[in-house]
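Please find the structures below.
Same chain, two partners: subunit A is paired with subunit B first, then with subunit C.
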Partner chain A sequence: MAGLAEVPVGAAVRSSGGALRTVEWLAAGAFGLIVLLAILGPLLAPYPPEEQRFADGVLLGPGSPGHLLGTDQLARDLLSRLLVGTRVSLGVALAAVVLGLGLGLLIGGIAGMRGGWVDAVLMRAMDALLAFPALVLALVIAAALGPSLRTTVLAISIVMAPGFARLVRSLTLRERARDYVAAARASGASAGRIARVHILPNIWAPLGAQAALAFGHAIPAEAALSFLGLGVQLPDPSWGNMISEGYAYLSLSPWGVVLPSIMIVCTVASISILADGVRRALEV
Partner chain B sequence: MSASPLLEARGIAKRYRVGRAVLTAVDGVDLTIGRGEAVAVVGESGSGKSTLARILVGLEAPSQGEVRFDGRIVDPTSRGSRLSLGARVGVVFQDPYGSLNPRLSVARAIEEPLIVHRWGDASARRRRVAELLEAVGLDPDLGARRPRGLSGGQRQRVAIARALALDPELLVLDEPVSALDVSVQAQILNLLADLRRARTLAYLFISHDLAVVRQVAERIAVMYLGRIVEIASADELYGAAAHPYTLALLSSAAEVEGARASRIPLQGDPPSPIERPGGCPFHPRCFRARERCGREDPVVATDGSHRVACWYPGPVEPEEVRRLGPGGRDV
Partner chain C sequence: MTRYVLRRLAQMLPVFLLASLALFLALNLLPGDPARRLLGNRASPEQVAVVRDRLGLDEPVMTRYASWLAGVVRGDLGASFGSATPVREMVARALPVTLLLASAALVVALVLAIPAALVSVTRPGGLVDGLLTVVSVVSTSVPTFVWGLSFILVFALALRVLPSSGYVSPVADPLGAARSLALPVLAMALPSVGVMARVARAAMLETMQEPAMQFARAKGLSPSRLLLVHALKPASVAVVSVAGVEFAYLLGDTVVVEWVFSLPGLGKLLIDSFLQREYFVIQGVAVVFTIAVLFSSLATDLVNASIDPRLQERLVGGAG
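Our next item is the complex of A and B:
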C-alpha cells in the first residue's frame, strides 16, 4: 500500500498523448492479475469448490488453519470458490461482450451500409431495446428463457447489443463518407469488400475501447442476475451467487459477501480505468 | 472506334431534399467528352461541379437525365454497371489525406482495383504496381509504406496511380491539386500532362481555378449554380469569352497573375442553391444585367462549339470598362 501512496497523481493527470498514465498501468497490472487468476484459478484452488469440510468448521474467518480466506456456511473453502468463481464470472462477462459485439457489428453494420428504411427499422428496434432499464430487460430475458449460464450470457449480450449497434453504425457512416470508400465504390468493389477492407479495419480501435467498458458493465450485470437467482446456478460458484448465498449469513460472517464484492470492485475499476486510458491513447 | 462519344451526359439534374426545401445542385447539364479529350469544368464552390463529377462516375444517381459511357447507360445501383465502368474510368479526389485508406500500404492501395477486377495473379499484380509507381514518378520502394508517412504530393501521386491501375480511358479529377502547395501543384499538373502524352486518356478536370485549368484542358465548361453557363475550346474561352460570369472569373484570374486587366466585379456572394434566383441564375451578381435577365431564362447561343447561356453575351465593351472604373468597383 505504501507504493500506491507514492504515485504522483498531479503528474499522471498532466501527462497526455499516446502513452498510458501511471494509474492506468497499475489498472492494467491489476486486471492482468485478475485474468491470470481466472485462467489458473482451478489449479491454484486448494480444494474442489463444492467440497464440504464440516470437520474444519463453517463460516470460518480469514486466516483459519487450512483455509486462507475461511469457509462458508456449508464449510466450503472460500478461496477455492472465489478462484473458480473468478473464472466463471469473467468467462460469462467475456462471452457476453463478444456476443453483444457480434450482434452490434451485424445490426449496426447492416444499418450503416444499407441506409434507408433498413437502417430506420433496425435502429428503431435498437432504440426500443435501449428504452428498457438494462437490468429489467436482462431479468425478463433470463426469466423467460429459464436461468442458466448460457441464458445469463445471452441476456447480458442482448442488453449490450444496442449500444454496440449504434456505435458500429455511426463509425460505419463516418468511414463510408471517406474518399477512399468512394474510390473503391467507383472501381466496382462490392459492399462486402468495402466493409471488410475499408471499414472494419478503421473502426476496431474505438470498438475495442467500447468493448472493454462493456466488460466492466457485464461483471456487475452477471453478479446482479446471479444474486437474484436468475444467473449462474449453484453449485457452480460465481461472484454473484456467492454474494447471494453469503447475504443470508451476513450477521454471522461478512466474508462470504465482502470477498466477492472486493473482486467485483477491483475488476470493474481496473478495466474501466484501463479502457479509458487505451481509448485516449488510441485517439492521439 | 465507334461513333458515340466516350462519355455523354444529357439533361443531368440532381436535387436534394433539405428539410422542406429542395436544393438543386445540378440543373440540367449536357456534357460530352470525346476519346482522349481533356475537358475541364470550372466553377465556384457550390456550383455543383463535384456533384456532377460524382454522377458522371456513377457514385450517385441523377434525379433527372442520363449518363452514357461508350453508349451504355451508367447505373449506380447496379454492381455490374459499376464494375464495367470502374475498369474504364479512374477517379482522383481533392483531399490526398482522405483518399487513401490509412490501414493499407501504398502498394496494397494501388493493387486494390486490380484485385476487385481479378486482374492477373499476385506476382503480375506486384509487377503492375511497380510499373504504376514508376509511371507517376514514385520510387517503387515506397510501396511498402503507409500513407501516414507520405507528403500531400506523394499521396496524390499514389491516388493517380490507383486511378490508372486498370488502364482506364477516362480519368475524372475532382480538384486534384487545390489541396496542394503551389510548387507541388505544378509537378502534379506536369505529371497529368505527361500521362496523357503516353496513352489515349481523356480527362474530366474539375477545378475552381481557371489558371490551373489552362495548363490541362482542351475544352472548358464554366458552371454557375448547377448550370453550364459557357462552354468552349480553351483557346476560344481564354480569347473570346462571352458570358459575364466567365469574364469576371478571367479578370480575377488575371489579377492573381499580376496582369493589369480591367477588373470586372462579381457582386456579392453566390446565392444559395436552395433559393435560386428566377430568370438567369447569375443576374443578381451580373454587371450587365438588365430587366429581362431577372424575368426569363436565357436561351443558349451557339457559335460552332462555343455555347453561351446569356441574353447579352460578348466581350467587355470599352463603355463597360468606363462605367466600372479602372479598378472596377470594390465589392
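Our next item is the complex of A and C:
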C-alpha cells in the first residue's frame, strides 16, 4: 500500500491540460473491460463458482478441456471463480471508496466550514487514524467487528477517510475565501446550504481524481485483508481469498495465485494511469 | 532545536492519546461480553464472572482505559489471556524483526530510487525517464504480498536459490539472515521505489528551475556537479519526507509480508493474535505500531529540520 495517492506519475515534466494520451486510452479500455467483467461476470461464468467437478480433475492448468483457466484444489473452475471474484473485489473497493468519501465529506466539510476548535479536534482525530499503519488499523477493525464482507468495506473506508477529510477541508477552506461564497453568505444562506449548493459542486473534480486513486488503493487493500483471512470470507470468491487458497498449493500449481494476481495488477495499473491522465486533462 | 523537538512532541501527544483511545474503545466496546468472547460459548456463568473480575471488566470503560494507558506509559502492555505471557516480552522479541525488515526495505528502496531519479533528471522526457515512468507504474501496481508470492514462486520454488520462509538472526548468522530477508525486503521495497523515484525526480526538476541553479549554470558548473552537489540537497527534503511516509507504509506492509514469509515479527504476532482471539495482545501490538509511526514521523521532521533550518522556524513560529 505505497503512497501512490500523493504523487502523480511523471508530474513534473508533463504539461497540464489537454487530451488523454494513447496509453491512457488503453488504460481506460482495460479498466472498462474489467468493469464489464465485474458486471457480466456471473452470466459469463461457465460453472457456478462453488461447484466442485472432481471428475474433471483438481489443480488443472489453463487450456484444460472444459476449463479455460483450469481448476483449483477443490476442482472448482478458476475462470468462474475469477469472474465472480472480479465482481466481489471491485464491489468491495467501490463501496469502500464511496463510504470513505462520504465520511471524508462529512468530517472535512464540517472542519472546513466550522473552523476553530471543531476543526482542530476533527483534524487531530484524523491524524490519530493516520498514526496506525493502514493494514494494522484494518486488522483492528476486523478484530473488533469480526471478519466479513461488510467489515472489509468499513475497514477500508475508515483507513481512507482521513485522506478524503483532509482534502475536503483544504478545498472547502479555499472555496470559502472566494467572493461567490461571501455573496451567498450576504444573501442570508446558511452554512449548510453554502456547503451543499455552492461549495460542493466546485470541489467535485479534485475529489473525483482522489477517489479514482483511492479505488486503486482499495483493490490491493481488499486483496491483502482477504489474503490474510480478515476480509471477504469463503465460499464467496474474491481475488484476495483466491490467492490465499492458491498459496497453500503454490508448489503444486501456481495458477490459483497467478491469475487473480494478474487481475489485481491490471486493475490497479489501469486505474493509476487513467486517474493520472484524467487529472492532467482536467488540470486539477 | 530543543524547542523544536519539544514542540513536535507536544503535537504528538494528543494524536497518540486519541489513537490509543480509538484503539481501546474499538476493542473494548464490542457487542457482547468480552469475557465470554475470550472463554467461548461453552463457559459457565461462574467462569465468566471469575474472568470478568480478573480482568476488571466491571469497571467503567474510561477507568479501564486510564489504567491500560498508565501501563503503556510504564512499558506494561498487559498479558496474553491464553498463556499469561507479558505482551511486552512478545513485542520485545518481535519488534527487532519488524524494524529490521522495514528499515532494510527503506534503504533498498532509496538505493534503487535515487540513482534512477538522478539519471532520469539528466534528460527529462528521454528513454531512461520514460522507462522510469513504466517501472514506477508497474512497481506500485503490484501489491507487496503479490511481489512476495511471485518471488517465492520464482526464487524459492522454481530456481531454489533462496528460502521461502524462516528467519535467521543477523547477530547469529549475517549471511543466513541476508538470505532469509532478501525476498521479503525486496518485495516490500519495490512498491516504494516507484513512489520515491518520482518524488525525487520531481523535486530535483523543480530545484533545477530555481534562479540559483540558473546562476550556477551560467557560472559554468558542470551538469553533474550542479545535480549532485547543488540540486540533491534541496531536493532531499522532499525525499526524506516521502521516505518518512513510506516507512509508515512499510511498517504496515510487514503484517502481510511476515505472514507470507513466516517471519516472527510484530505483524505475524498481530495476525496470530487475531486468529487466537488474543485481544489484549492485538491491543498491545497495535499501540506499539502507532508509537513506531509517530516516532518515524518525528525522525523525518528532525532530519528535514537539520537539512533545512527554515522548517524549524516555520513550526516553532506556530504554523505547524
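Just so we're on the same page, the second predicted complex is superposed on the first by the 267 of 284 C-alpha atoms of A that agree within 3 Å, B and C clash if a C-alpha of one lies under 4 Å from a C-alpha of the other, contacts with A are read in each partner's own complex, and residues count from 1 in each chain.
By our rule, a contact is a pair of C-beta atoms (placed from the backbone, for glycine too) under 8 Å apart; a residue touches a chain by one contact, two chains touch by 3 or more.
If you're wondering where the values come from, they're calculated on a predicted model, not measured in any experiment.
Engineer: Return first, second, both or neither, reflecting whether A:183 touches subunit B, subunit C, both chains, or no partner chain.
Structural biologist: In the superposition, A:183 touches subunit B alone.
Engineer: Tell me which partner A:90 touches in the superposition: subunit B (first), subunit C (second), both or neither.
Structural biologist: Neither partner.
Engineer: With both structures placed on chain A, which of the two partners, subunit B or subunit C, ends up touching more residues of subunit A?
Structural biologist: The larger set of subunit A residues in touch belongs to C.
Engineer: State whether A:193 touches subunit B only (first), subunit C only (second), both chains, or neither.
Structural biologist: First partner only, subunit B.
Engineer: Which of the two partners, first being subunit B and second being subunit C, lies in contact with A:59: first, second, both, or neither?
Structural biologist: neither
Engineer: Touch test for A:202: subunit B only (first), subunit C only (second), both, or neither?
Structural biologist: Only subunit B is touched by A:202; subunit C is not.
Engineer: In the overlaid three-chain picture, which partner chain does A:143 touch, first (subunit B) or second (subunit C), both, or neither?
Structural biologist: A:143: touches subunit C, not subunit B.
Engineer: Is A:132 contacted by the first partner subunit B, the second partner subunit C, both or neither?
Structural biologist: Second partner only, subunit C.
Engineer: Kindly list the residues of subunit A that each of subunit B and subunit C touches, one partner per complex.
Structural biologist: none
Engineer: Using the touch rule from the top, collect the residues of subunit A that touch subunit C in their complex.
Structural biologist: Residue positions touching the partner: 1-4, 6-7, 9-13, 124-125, 127-136, 139-145, 216, 220, 223-224, 227-230, 243, 247, 250-251, 254, 257-258, 261, 264-265, 268-269, 272-273.
Engineer: List the residues on subunit A that touch subunit B in their complex, please.
Structural biologist: These residues of subunit A touch subunit B: 178-180, 182-190, 193, 197-198, 201-202.
Engineer: Sort out for me which residues of subunit B touch subunit A in the complex.
Structural biologist: By the definition above, subunit B touches subunit A via 54, 57-59, 79, 82-87, 89, 91, 93-95, 98-104, 109, 112-113, 116-117, 159, 162-163, 166.
Engineer: Going by the contact rule set out above, which residues of subunit C touch subunit A in the complex?
Structural biologist: Contact set of subunit C toward subunit A: 14-16, 18-19, 21-23, 26-27, 30, 124-125, 129, 133, 136-138, 140-146, 149-150, 152-153, 157, 191-192, 194-195, 198-199, 201-202, 205-206, 242, 245-246, 248-249, 251-253, 255-256, 259-260, 267, 270-271, 274-275, 279, 282, 286, 289-290, 293-294.
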